[in-house]
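What follows is a pair of complexes built around subunit A, which joins subunit B in one and subunit C in the other.
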Partner chain A sequence: MSIQQPADNGTADSQPSATSPGTVTANNNETPKLKTAPPEKPSDIRRRSHIILSFWLIVLCLGLPIWWKTTTIYRADLPLQEMLDWADGKACRPVFPLRISIQANTLQDQEAQNLLRLTQHALDDLNDFSGHHLRLQLAPPMAAENHDRESVLTIRLLPGETTTATFDQYEPVLDITYPPNAIPSPTSSSSSLATYIAGQLRSTFAEEQATISYLLSTNSIPSDHRPQGLSPDVAESLSKRTTRSLKYAPTYHLTFSLFTSGPLPSSWDIEEAIAEYMKPVLDVLSPIHNFTIDTQVQLYATPGVQNQVLNKEDLSSFINAAEWPLSPSIGGAPTINFIVFVGNQTIASPSQSPGEGAIPGSTSHSWLIPQWGTIYLLPLPHDKTHVDSSALKQPLLTFTSHLLSFTGAPQSGSLPLRLSTLARIRSADLLLRASSTLGSLARLALALPSISIPSSVADGVSKTIRHLRLACETLGGPEGLAHARIAEAEAERAFFEKSMVGQLYFPDEHKVAVYLPLLGPVAVPLVMGLLNELKAWRKRRREAAEAGAGKKKE
Partner chain B sequence: MGQLLSFLWLSLLSICVFSSSTSAADYHEQLNLRPLPQSALLASFNFRSNTSVSEFEKGNFRFFPRSLGQILQHAGTRELHLRFSLGRWDAESWGARPWDGAREGGTGVELWAWLEADTDKEADHKWLTLTNALSGLFCASLNFIDGTRTTRPVMSFQPEGDHSTTTNMHLLYGVLPHEVVCTENLTPFLKLLPCKGKAGIASLLDGHKLFDASWQSMAIDIRPICPLDGECVLQIEQTIDMVLDIDRSKRPRDNPIPRPPAGHDLPCDTSKPYHSHDTCFPADYTAHQDWSLTQIFGKTMKGTCPLADPAVPALCLQVPESRSVFVSEGVREKKNPDRVSRCFDIPPSTHLEMVLPTPDDSASISVTPEAPLLYAERSFTGHGQERGGVQTILRNPSPDTEVEFIYMESLPWFMRIYLHTMEARVAGQSHANKSLIQQVYYRPAVDRARGTQLEVRMRVPADSTVFLTYDFEKSILRYTEYPPDANRGFDVAAAVITILDPHQERQGSVSGRFAAYTLRTTSLLCSLPTPDFSMPYNVIIFTSTAIALAFGGIFNILVRRFVAADEGPEAGLAVVLGRLKGRLMGLVKGAVKR
Partner chain C sequence: MDGAKVTPGRTAGLYAGAAVLRLAIFTLFPGIPDLLTGRVEISTPVTSFKRLQEGLFLYNHNVSPYDGGVYHQAPLFLPLFSLLPSSASLPIFTYLLYIAVDLLSASALWRIADSGESGSSALFTSPRREKRWSGFVIAALFLLNPFTVATCIGRSTSVFTTCAILHAVAKAVSGAPFGAMVALSFASYLSMYPLLLLPPLVLLCYDRQRSGRATKSMLQFAGTCTATVAGVLSVLFQLSYLLTGSWEFLPSTYGVQLTLSDLAPNVGLWWYFFIEMFDSFRSFFLAVFWLHLSSYVAGLTVRIRRQPLVVLTLLLGIFNIFKPYPSISDTSLFLALVPLYRHVFPLMRYTFVSAAVVLYASCLGPAFYYLWIYAGSGNANFFYAITLVWGLGLSLLVCDLMFAVLRDEWEVERPEMAGKEIRQI
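So, the complex of A and B:
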């Protein structure tokens, strides 16, 4: 109302003042039909321009920002370039410095130093992959028998008859015996013993090296960091192994199931069998993984394939997923299924389906389903009601060896070494996974400008990057694994943030339908008013200029 | 006979509770067939298995289903009751409910459980885990049991199991009245059984027949039981009760459309005085019906489950002793001393078929169902979209004993009840009787966060009918809160009526159940004011037009200059027409010139 009041007054003022002189001018101008309105007062003109100006100011300074603020999609700042760098492998060069200590208590200090220098030389000559570096060091001579925690492997040099190498069963220790004449003289530049040690070390870590270089090559790591010379068949076997192994998780859930197609047998001594045949391996794996175990007996379970002889195609459909209660466990830990199926079916021998069908390590009784579990066909007499633990020995030994391949452990070497290798492979794997997830997130944020990015995603990204950096620094150690694990979990959480996809699709037609009914009718008078005012203003200026020119002429 | 039947049910129930003490892990199954009036047949399947608590905690599952066991362990559940029900138990003609109503739920899905938790918040969290996991296991929308559908009953439920060792238990109760129970819920139910649906009485269960029943209820009850001597066991009891219509079942499968029988085929009550060749009073002729197992269930029974305890007969039939029953070869019939029921010993690998021919002397056989302790009906009163009322009619048929019970309602938050309007009135009296309602527990609703919980402890005098009424207000929901079929209405869960056992004090708490009888009313359909769902766009356009009109008017008044009509430039239709005319003339002239 307050705005309207002066305007009303203005028109009320102008009208009487316009009409009464208007009639006078009309009479004077001798054009009685078309009367022109009297000129407006300059104050009225100014007021009108002010009104239009203030309306436009309100629209531009208040309306637009409010509209912008209420409709804009929140996008937290992401360090996109850094994320892409991680994904491209520019931010971190995975390097595994492996320290190997040599214990040579019987050698002179100088002799030992010399041997060490020569061996290191030989190693450096052999090694073509900079990311995986073996560095030798001399253990203090009076160090205890125990293996040094800092180094991954201890070499014990012992005098003996011939040159032999044996791995310790329980500790990462390599015992090398050497004949007395094999000690290199301080001046010699080569030594057969040094070459022998280097060769032993190389073959010990060859598999680990191959696996890590395979992991790097499957990710988008620039080629200069990438080791060369990974032969295709090695790469193929490695790719098979990585597809078979489960995603890393701190806890795995093992489910042992006894399935029979009939009513018998209905009980088994699984607890004793696990304690006897599987527990030792689980104990050894316990620093890296926890395991929870449950068992079940299921009768009347018809398999998906009823053939007497199972071909390779049948193996994939043997699991009757609709009827067998193999629901995954709840609570986050992935489940590995170990199934003993009582039945006298046999698997067609691998010679009939060579190569791709036969998974190495599986006997003719069992097969492995990648990332899922193992099935073992156990033939039993029909009237047997109870499966005792001796009958379960072979199935459980098979399950144990398959468990190692599910966890992704290398296949050769002594068990302690295999496990430390497993930790390193896992940390490299997690690091690369987290990096590539970051890259995907960055690309997603770039590709979809209308996707919302909540602050929790930015939080997750910053946490991931922090832990990735820490993991990269401590790669190869236990902290490296822990950091890589956190980084991977955070990256996954950031990538799969639920609220990001909620308003992803909001079509433009929709927006038009919402905005047009309001903005159309409001904008028309505003724009027209502005245009008219501009026209009037230009006219006034021209007139003023003409008037000025006329005055000048006069 | 009614007393005898009730004794039978009670004794079955007590077998369930006590007999488990014999061994740590065992399995029983039994099917009870009982003809009901009006050509109905009640089939009660009962499956029960145990596992010792130590084996359960170690994760070794034999009879107990692993999938359910894992969920219980993960969610810290000590006792669990899950119900899937469909249809209405017609108490007027069928009489008392099986298991004294202990194994049934209201229409839809009902779940209550005792969870071990230190705080309410932790209990809520575990409840969420439990409902989500069960939802996946049973293919039901149990995950929709959220805070608004969850209550913590105070008086109506008590644990059936033995929980002497755990102290911090929380009872949570959730109900989904809208859930339609169907085959996808039966399949996982059968998967939990040790013999699946492949052998034993479970081989008779078939989705086509089960969900064709007039009333059916599937129940899962898990409770720990500690015998006086020996180890505690965890017991899972799975029950399916269904009332089949024999006429309907006997219809041929390839021609299921019912056709009126010919006049001479109509079973008539010949004792009526007006019975003649052209008038017929339909006889209650279930007792005269001939039926066979194949007709009722569509298939024969495949032997017995080899795991089941042979001491418990797999099949029992409650027909009078005089009626002849033909069974497959090798099956031995054992008549029970009560003269109204018989059981069958079935060899493991027999395909059992049972035929009941039409009896010769119809007069001696008549089915009179046992009267329940209480009849209950609930309905909406009032009119309009703003307010409504609920009226429950409770009738005590007993001539000499009064019934004391707890009436529990868990209402959705959008039904705001006026507690002061709640009153109980004996039929025939005009005033409310204050002494009928003894105790009220009321937890008001919080909009969008929690539903109303109302528990009323009341009594109905002998041989009388009581009206329990209260009013409520319907609230208006937000646009997005309406379900896709909003005009259908909103389901209101069944009221649970728990009749207290008057002898409980005498017996002590040995029986495990404090309730003598449980019944549930039907669920209700509450219609809320439902908007037109194109409303948002209408509102946008309407308000936008109004705003634009007002704005345009004000803006023009402010900006335009007002002059007398003859002073301004010529405007209007005439000017526009004149201009158009001029242009057209110009064009025509140009054309003529060319």
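So, the complex of A and C:
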């Protein structure tokens, strides 16, 4: 803009003036106009107006539309109310209808129906949490062997000597034997067998129920959907378990490391051992998580603690974080470390130091570090160069059981039941997490009216809501988990949209600082030029009118 | 020097001297061409010879030269340079080409100077026009200007644009509108910004039409000229399309200039600004900078209607300061045209200050760049500060020249004011 000044200047200079030679000043620029009417003057004036017009035409015809186009903030429409409803738990009431089938092939149909009714009554009396209710149904007698996929648990009623209950190791099946006299008569309103079954079921699902109600209570679900009376110690143990388990991620990375204090052993049959002892569990976990695995061997690894007997305090500093190549996370997925340490160190027995960091199931060879991994001390003869898979059996079984607690699976029950419970807990967790992310996004959009919302965010939100709705309908089943997973991933993606994050802290006052330094100096000559020109034009018109009036008088 | 007779021998001597000087630098100091090619003051992302080599390599290996995002120059350079032997094995041909381009520019400048357009145009005759430098002096000033020499040694492709612009002006003053428009189209094709010179160039052509076949209507004339430029440009674009097989070259050459996607530092004012710019305002300020650059065209053309060559000179000076990827090559083009106004030099007020500032900046600029990039004892602000000073010096020169020209015009209207002091109002 610097040259505009001389341009205007020159325009003014070239105006003929009849004042004394030497200086041309603002005052005598005006006076000669009154005195003389030089022939060039109109053309000069016209030229100056043209110049000013040419600048203003560019500003108005190009500048303003470009300004409008490039600085308008695009805000895609978000279903804000719906998002807030999800976050407040109004849109979905998490209900876990668990169907339990009873196989009573030895009973008469009517007897079985009666037993079912009584047990259901007993269950309903025991249950205080409406979101999590058990529905009993009678399995068709034909499906004797393979249990119904729809139901989470099958109860096989078998005649026996006494009333016992045993879980099947491989199938979600509860075998209950009953003495012949325990069958309730069709007219009786209570039965000890029914109460027994109800009690068994209740204790089986107590942990799941507690976990889910704990989840709900830590989220902003309205209290009427919430179960009452979560006892403090249960809540405490649940929160402890939650801190131990890792945050949910679709993929976990498992790192198996063999650290040896000396040169030997230098190889291990880890792949075979994993395939044999861990793969089955990984397979059944696969609907919930994917796993990637890598392994490493490190010789001459010095632990952080050199004591022969490790006390409770030593366990936390055993990991030599400075030297052991344990990367915190590989490829974005959270890493779980499983370390086999070959050395002659032992852990002080739990009676000497009751370790809180070690879970009750851990042996004196291993301990678990919450959200990080497990260390297993493996004593081996000094001259052993190779660790075969049979020697790795115990470590890997420990790792497997710890893996389940890292993923947040409940502690009790048979494995199939624990896994299906884990799926339900995770779907509830994901559902709640996605809902609360939606709520945060909605609150963000409301709180910052100047934030831009790209259409990808709107897409993500609509996808999240669709999957949330589907997940809510099929909660408790495998599809529910799949939908909840998608919903959570989409919600996170929408919330952490890159172009939005940049504008999070961009208040309106900053715009002044952005525009003024450059546009201010540019605008001053433009505006002043326009104002002067308008003033001169008004003055000319008035003079012309006066001159016209004077002529008329004459 | 004024009015000295120029014999053919002296002409040949000047050209030969300039050529020998360049050739001597090329051959006696083989490290210097590559050193200068790497300097940010000479090679911008859109003119760098190094990047041209990269594009040429891709082109010769049947890969699109714009793959990799390094090459941002016009596609027609590629067949031209692939005709020459490789500059790595036989650099002499490349050197000769660049020397020839410089000499061509000088001869165009010579013709402009000899036409006397700067002193007396169709609508205005300066009372001081007698005091001028001959074409020989002006060509010598151009050829021996260290900026021109450095640009030639650095083999920046902007010398082709310079040559095309000077030829456009030379054609215009010699009354060949068609040739001028074709030359301007080439310049615009190579660097885009010369398109903004179209309005004053059309006026110059209009004023200098040969009396025999003059078109009377200004609008008709301007329409014909614009159509010519559009036609030649579309032919060039078509050729480029056939050459590269896609329209990819448009965003890679002109898009880069428009969006400043390559933020390599240069002597201009844009790069630092857009490094610091918030992303959400980037496109807006790009538009503001471009509008600012082009807003001068109309105003100056209207104001100094009687001397279109002055408008061209001043616009080249302004572009040299405010365009997205300026280099000292643009400065050398502006400084080549300034001596045409020898007759208004006495009216300029800040010659010493602007000359001193430009010299100061050209000495300290490389030093500050060294401190920032190599020594690490400075930061980007060092270099940006010196480019601000550089821009200040050049804008002082532009303003001063404009003032002198306007004062010259004004004294024709007010002869009694000649030599008197005036005051800004």
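One rule holds in what follows: the second predicted complex is superposed on the first by the 316 of 554 C-alpha atoms of A that agree within 3 Å, B and C clash if a C-alpha of one lies under 4 Å from a C-alpha of the other, contacts with A are read in each partner's own complex, and residues count from 1 in each chain.
One rule holds for everything that comes next: a residue touches a chain if its C-beta (ideal position, glycine included) is under 8 Å from a C-beta of that chain, and two chains touch if they have at least 3 such contacts.
The structure presented is a predicted model; accordingly, all values stated were derived computationally and were not measured.
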{"item": "Which superposed partner A:Arg202 touches (first subunit B, second subunit C, both, neither)", "value": "neither"}
{"item": "Touching partner for A:Ser452 - first (subunit B), second (subunit C), both, neither", "value": "second"}
{"item": "Which superposed partner A:His121 touches (first subunit B, second subunit C, both, neither)", "value": "neither"}
{"item": "Partner chain(s) touched by A:Trp67 [first = subunit B, second = subunit C, both, neither]", "value": "second"}
{"item": "Touching partner for A:Leu518 - first (subunit B), second (subunit C), both, neither", "value": "both"}
{"item": "First (subunit B), second (subunit C), both or neither touched by A:Lys240", "value": "neither"}
{"item": "Which of subunit B and subunit C A:Arg99 touches, first, second, both or neither", "value": "neither"}
{"item": "Which of subunit B and subunit C A:Val297 touches, first, second, both or neither", "value": "first"}
{"item": "Partner chain(s) touched by A:Pro263 [first = subunit B, second = subunit C, both, neither]", "value": "first"}
{"item": "Overlapping contact positions on subunit A, where the subunit C interface meets the subunit B interface", "value": "3-4, 7, 11, 14, 22, 40, 51, 55, 514, 518, 522"}
{"item": "Of all residues in subunit A, those that touch subunit B in their complex", "value": "3-4, 7-8, 11, 14-15, 18-19, 22, 34-37, 40, 44, 48, 51-52, 55, 255, 263-264, 266-267, 270-271, 292-297, 299-301, 323, 325, 327, 329-331, 513-514, 517-518, 520-522, 524-526, 529, 532-533"}
{"item": "Touch list for subunit C against partner subunit A, complex", "value": "278-281, 283-285, 287-288, 291-292, 294-296, 298-300, 302-303, 305, 314, 318, 395, 398-399, 402-403, 406-407, 409-410, 413-414, 416-417, 420-425"}
{"item": "Touching residues on subunit B, where the partner in the complex is subunit A", "value": "58-62, 65-67, 69-71, 74, 129, 133, 136-137, 191-192, 194-196, 198-199, 305-307, 537, 540-541, 543-545, 547-549, 551-552, 554-559, 561-564, 566-568, 570"}
{"item": "In the complex, subunit A residues that touch subunit C", "value": "1-7, 9-14, 16, 21-26, 29, 40, 47, 50-51, 54-55, 57-59, 62-63, 66-67, 70-71, 73, 452, 502-503, 506, 514, 518-519, 522"}
